[in-house]
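Input: structures, listed below.
Next, two complexes with subunit A in common: one pairs it with subunit B, the other with subunit C.
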Partner chain A sequence: MTRHLMTLAVLIGLVVLVVLGAEFAEVRLLSRIATNLCIMLVLVLGLQVFMGNSGILSFAHVGFMGIGAYTSAMLTIPVQMKGMALPDLYPVFAGLQMSPYITILIAGLVAALVAAIVSYPLMRLSDAAAVITSFALLVVLHTVMLHWSEVTNGPRTLFGIPRVTNLYLAAGAAALAIAAALAFKESRLGILLRTTRDDEVAAGALGAHVPNLRWIAFILSALFAGIGGALWGHFITSFSPKAFYLKETFVILGMLVIGGPGTVTGAVFGVLIVTIVFEGLRAIEGLVNQAQLFSEQVVGVTEITLALAMIAVLIFRPGGLVATREVGDLILRRMKLREKK
Partner chain B sequence: MSSNALRVTDISVEFSGLRALDHVSLFVEPGEILGLIGPNGSGKTTLINATTGQVPLSGGSVEAGDDQLTGLSPREIARLGIARSFQIVRLFNAMTIAENVEASALAQGEGRRQARLAAREMLGEFELLDRADELAGNLNYGDKRRVEIARALVARPRFLLLDEPAAGMNESETEKLLNLLAILPEQRSLGLLIIDHDMPLIMRLCHRVQVLASGKTIASGDVSSVRTNPAVVEAYLGSSVEVHT
Partner chain C sequence: MVGFLQFVIDVLSLGGAYALMALGLVIVYGILRLVNFAYGELIMVAGYSLYLLNGSALPWLVMAAVAVLMSMFMGIATDYVAFRPVRAKSVTAVLITSFAFSTLLQNAALLFISPRPRNIPLPDLFTTTIEIAGVVTPVRNLLTIATAVISLALFAWLMRRTVIGIAMRAAATHFTMARMLGVPANLIISSAFAISGLLAGIVALFWLGRIGSVVPGIGLEPLLVAFIATVIGGMRSLQGAVLGGFLLAFIDTGLNYTLPQDLLKFRDAFTFSLVILILLWRPEGLLKGPASGQRT
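Let's look at the complex of A and B:
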């Protein structure tokens, strides 16, 4: 128990540090970066809940983020703007304008509901088959977003979403996500799901219900994704379906794989490290372009670096930076070792 | 044979035309240790797999007491109190020893606190308590075997099927295991089925022995009668088919 509390304290402490750092620096850009980081925490922790505990790589996560973003957008765009922003919207919703604080939760529930329905048959699959179907699910969700113009305005940019996500709201959500991910991992379901990750045959022989355990985790994971997507939508205020596709998928996967999918600590570290490196590179890229060192604009350094970092981690530390033990556990073990000496 | 025994009746298993088990019957009484021996490829592991639902039967039936196990999934069979270990140890390597054992109690439907207590107690009996927080993947082979047995036992099975529990253990480890297994059936009123190649271990431990060769039962009975049975001697010495006929 102590080690779980220790982990919780350290990880939430990191979020608090990020908030304080961004606030005291009084640079607007830093505050934006920190808010984005907290939203990424919600999304990556959501993916960790499923992927880390079940051991199944899921590409569909960002699709559920999109469902959340569009759900909350549709319910909160001011009535007078709806005619322009969503010209094809169903008349039932045309006069509807709800508080974003409520719709962010609804967004999570809608994403979870969709996940519950579409994933039920998929959870029987393991290994490569499961990964490929999750990728197919991402493509399906993306295609629906592109063409369901009544709700998403089709491939065009949807605008007019009220801006409610600030640093504090995002950080609060991130802290809750950390607590929820840890609680799930250490719960009855979490422990049983992890046995199916390590050895599916042995888990079945103990009496674990493999598809059901995966299903529950997948739904929970989509709940995080829906809430994270809605938070992101109310932060960025205008987006199109391409925001929820391959590029975003690989950023989120990259963060989790580099940090270590098996632990909540890994998910948090992954987001922090990748964000810091990304922003550093982006700044350097900007400086290089400003100084006009090259005849052409330099672009894509961040993506290349993420790809190389992922490859390096997969070669040298296949379980990620923090593979099996949470940070609280690591600290307590070190303290015990020191006592013995 | 009593009505609360584990009864395997006339089962056959085929792998794409190859008969791995050919009308084999067997029973284990609660409180009894049955040794299942036979040369490599004689179908011993297949028999355990068939009993616990890991491979489908092509004929015959399996019952435990009043429960019909035939055609049930491994999960359902486990929930009816049949636990097993694997020939090649299958632990949850990225989880701690405590979690490995705890998970087994959780899978039986026990609550979190109860499961943790049961796991602690079991680890104490297996002298693994001081290493409870180590990752299972970091253990040596003999310890992995012990964790696997502890994991099976914490589910409080009516019948425990062990597939070569002493494989890969050194002499002193085997001795320790033997002492531990010998008291199990009485202490926990469970029926124990053991496959092993370690003949001295089987002979010392088991109340009865059944011998398989090429998917058929060639002998069964108490230890001394089986040891001197000519068919068993022949199967183990590997005499050729011509000599046999």
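Let's look at the complex of A and C:
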């Protein structure tokens, strides 16, 4: 128990450090980066809950993020702006305007509900078939978002979403996400799910209901994604369906894979490291573009770096930077060793 | 009658391209049980090779041959970068590395060439149309059908009559057993990737011929098409991939002819829902492949 509490304390301490650092620096850009980092934490931890414990790669995660973002947006855009932002909206919702704090939760629940319905039959599949279906699911969700203009304004940018997500809200959500991901991991369900990850046949023979276990984790993961998406929507305030497709999937997957999908610590470290490197590269890219060293804009350096880093991590450290032990465990171990001396 | 002939030509030319694409994906999947997410980028590579050769004085056929070779080369490179180092570790790892490699290639094109579409050289033959029995159709469509037939016949001969083809089929049936009988694993896998790249390169000529230009994201649609076709036809069966390609072309063209405009934009959602349903109902696809053995 102590080690779990220790892990929780260290990881939440990291989030607090990020918040304090951003606040003290009093640079607006830093505060934005920190907020974004906290939202990414929620999203990546959501993916970790499913992928880390079940061992199945899911491409659909970002689709549920999109569902969350659009749900919350539809419910919170001010009534007087709805005619412009969502001209085709169903009349039932046209007069509706709710508090964003409530709709962020609703967004999570809607995403979880959709996940519960569509994923129930999919959880029987493993390996490549599971991955292809999740990829197909992402394409289906994306196509629906792209063309359901009543709710999403079609492929055009949706704007007018109230800006509610600040650093404290995002950090609070991130801290809760860390606690929930840890709690799930160490719960009976989480442990059972990991036995199915390590040996599906043996776990099934011992009585673990593999599809049900995966299903529960998938719903929980979609809940995180929905909430994360809503937070992101209320942070960015205008977005289009393009934001919830392969590029975003790649970044979230990259953070998790580099950090280590098997542990909550890995997910948190992955987000921190990738964000720092990304922002650094983005700054350089910006400088190069500003100086106009090349005739065309320099784009894609961040993605190339992330792709190379992912491949390198998978070759040399397949489990990610923190593969099996949570940080609390590591610290306590070291302390014990020191006492023995 | 004229409408029917039009429909048949449309289905056959689209289906020929789809079948070749699906075949390129399945030949790797059959042996390794792994999906190559970077498959669509092979088409992108062929396209950019054509673009880069645009200014040269070479005849178009030579340019096309170089483009196909580049695509083959990139197929083999995929094996070396994304598959070989992590092949033995886990399914998930390889899927992620191939996804990462795909993003890497796309962004390299963004960075080194341009995010904007680039025109590729096309022979005049591609833009002319002819009339057969009252149907006006681009010559390109007939060329696609002819190329597909020739490639499929060559491919069938390769897989049935040559040593390497038989070895590949043996590896697809039972990889470990094939290795024990002296089939060199790495060579077989690399040749599968080379053939995959060859097919992608050939398709690229016709696929890009329709559009006339190439952008970094060009590979996504062919990849999705190949996915659907292989899942419908059978992930592990080569005949299944061809069948799936033609079937998908039939469904797509049929929907294009019949669906109202409002629903047509959801076509991808329909076809991908079909993929999910087929995987649930018949995880092996319509045609079963050879008896499955262990990977690696």
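Simple rule for what comes next: the second predicted complex is superposed on the first by the 340 of 341 C-alpha atoms of A that agree within 3 Å, B and C clash if a C-alpha of one lies under 4 Å from a C-alpha of the other, contacts with A are read in each partner's own complex, and residues count from 1 in each chain.
We take it that contacts are C-beta pairs under 8 Å (C-beta built on N, C-alpha and C of every residue); 3 or more make two chains touch, one makes a residue touch a chain.
What you see is a predicted model, and the numbers here were worked out from it, not measured in a lab.
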Overlay on subunit A: subunit C relative to subunit B, clash or fit: fit
Subunit B versus subunit C, judged by how many residues of subunit A each one touches: C
Partner chain(s) touched by A:Arg188 [first = subunit B, second = subunit C, both, neither]: first
First, second, both or neither for A:His209, with subunit B first and subunit C second: first
Which of subunit B and subunit C A:Val201 touches, first, second, both or neither: first
Subunit C, subunit A and subunit B - angle at the middle CA centre, rounded to the nearest 10 degrees: 80
Which superposed partner A:Ile132 touches (first subunit B, second subunit C, both, neither): second
Touching partner for A:Thr324 - first (subunit B), second (subunit C), both, neither: first
Subunit B versus subunit C as contact partner of A:Ile117, first or second or both or neither: neither
First, second, both or neither for A:Ile315, with subunit B first and subunit C second: second
Superposed arrangement (fit on chain A Cα atoms) - minimum subunit B/subunit C Cα distance in Å: 10
Subunit A positions touched by subunit B in one structure and by subunit C in the second: none
Of subunit A, residues touching subunit B in the complex: 187-188, 191-192, 194-195, 197-199, 201-210, 262, 319, 323-324, 329, 333
Contacting residues of subunit A [partner subunit C, same complex]: 55-57, 121-122, 124-125, 127-129, 131-133, 135-137, 139-140, 143-144, 146-147, 246, 250, 253-254, 257, 296-301, 303-304, 306-308, 310-311, 314-315, 318
Complex interface listing, subunit B residues touching subunit A: 52, 54, 73-75, 78-79, 83-84, 86, 90-95, 99-100, 102-104, 106-108, 111-112, 115, 133, 135, 151, 155
Residues of subunit C that touch subunit A when the two form their complex: 29, 33-35, 81-82, 85-86, 89-93, 95-97, 99-101, 103-104, 106-108, 110-111, 114-115, 220, 224, 227, 231, 235, 265-266, 268-269, 272-273, 275-276, 279-280, 283
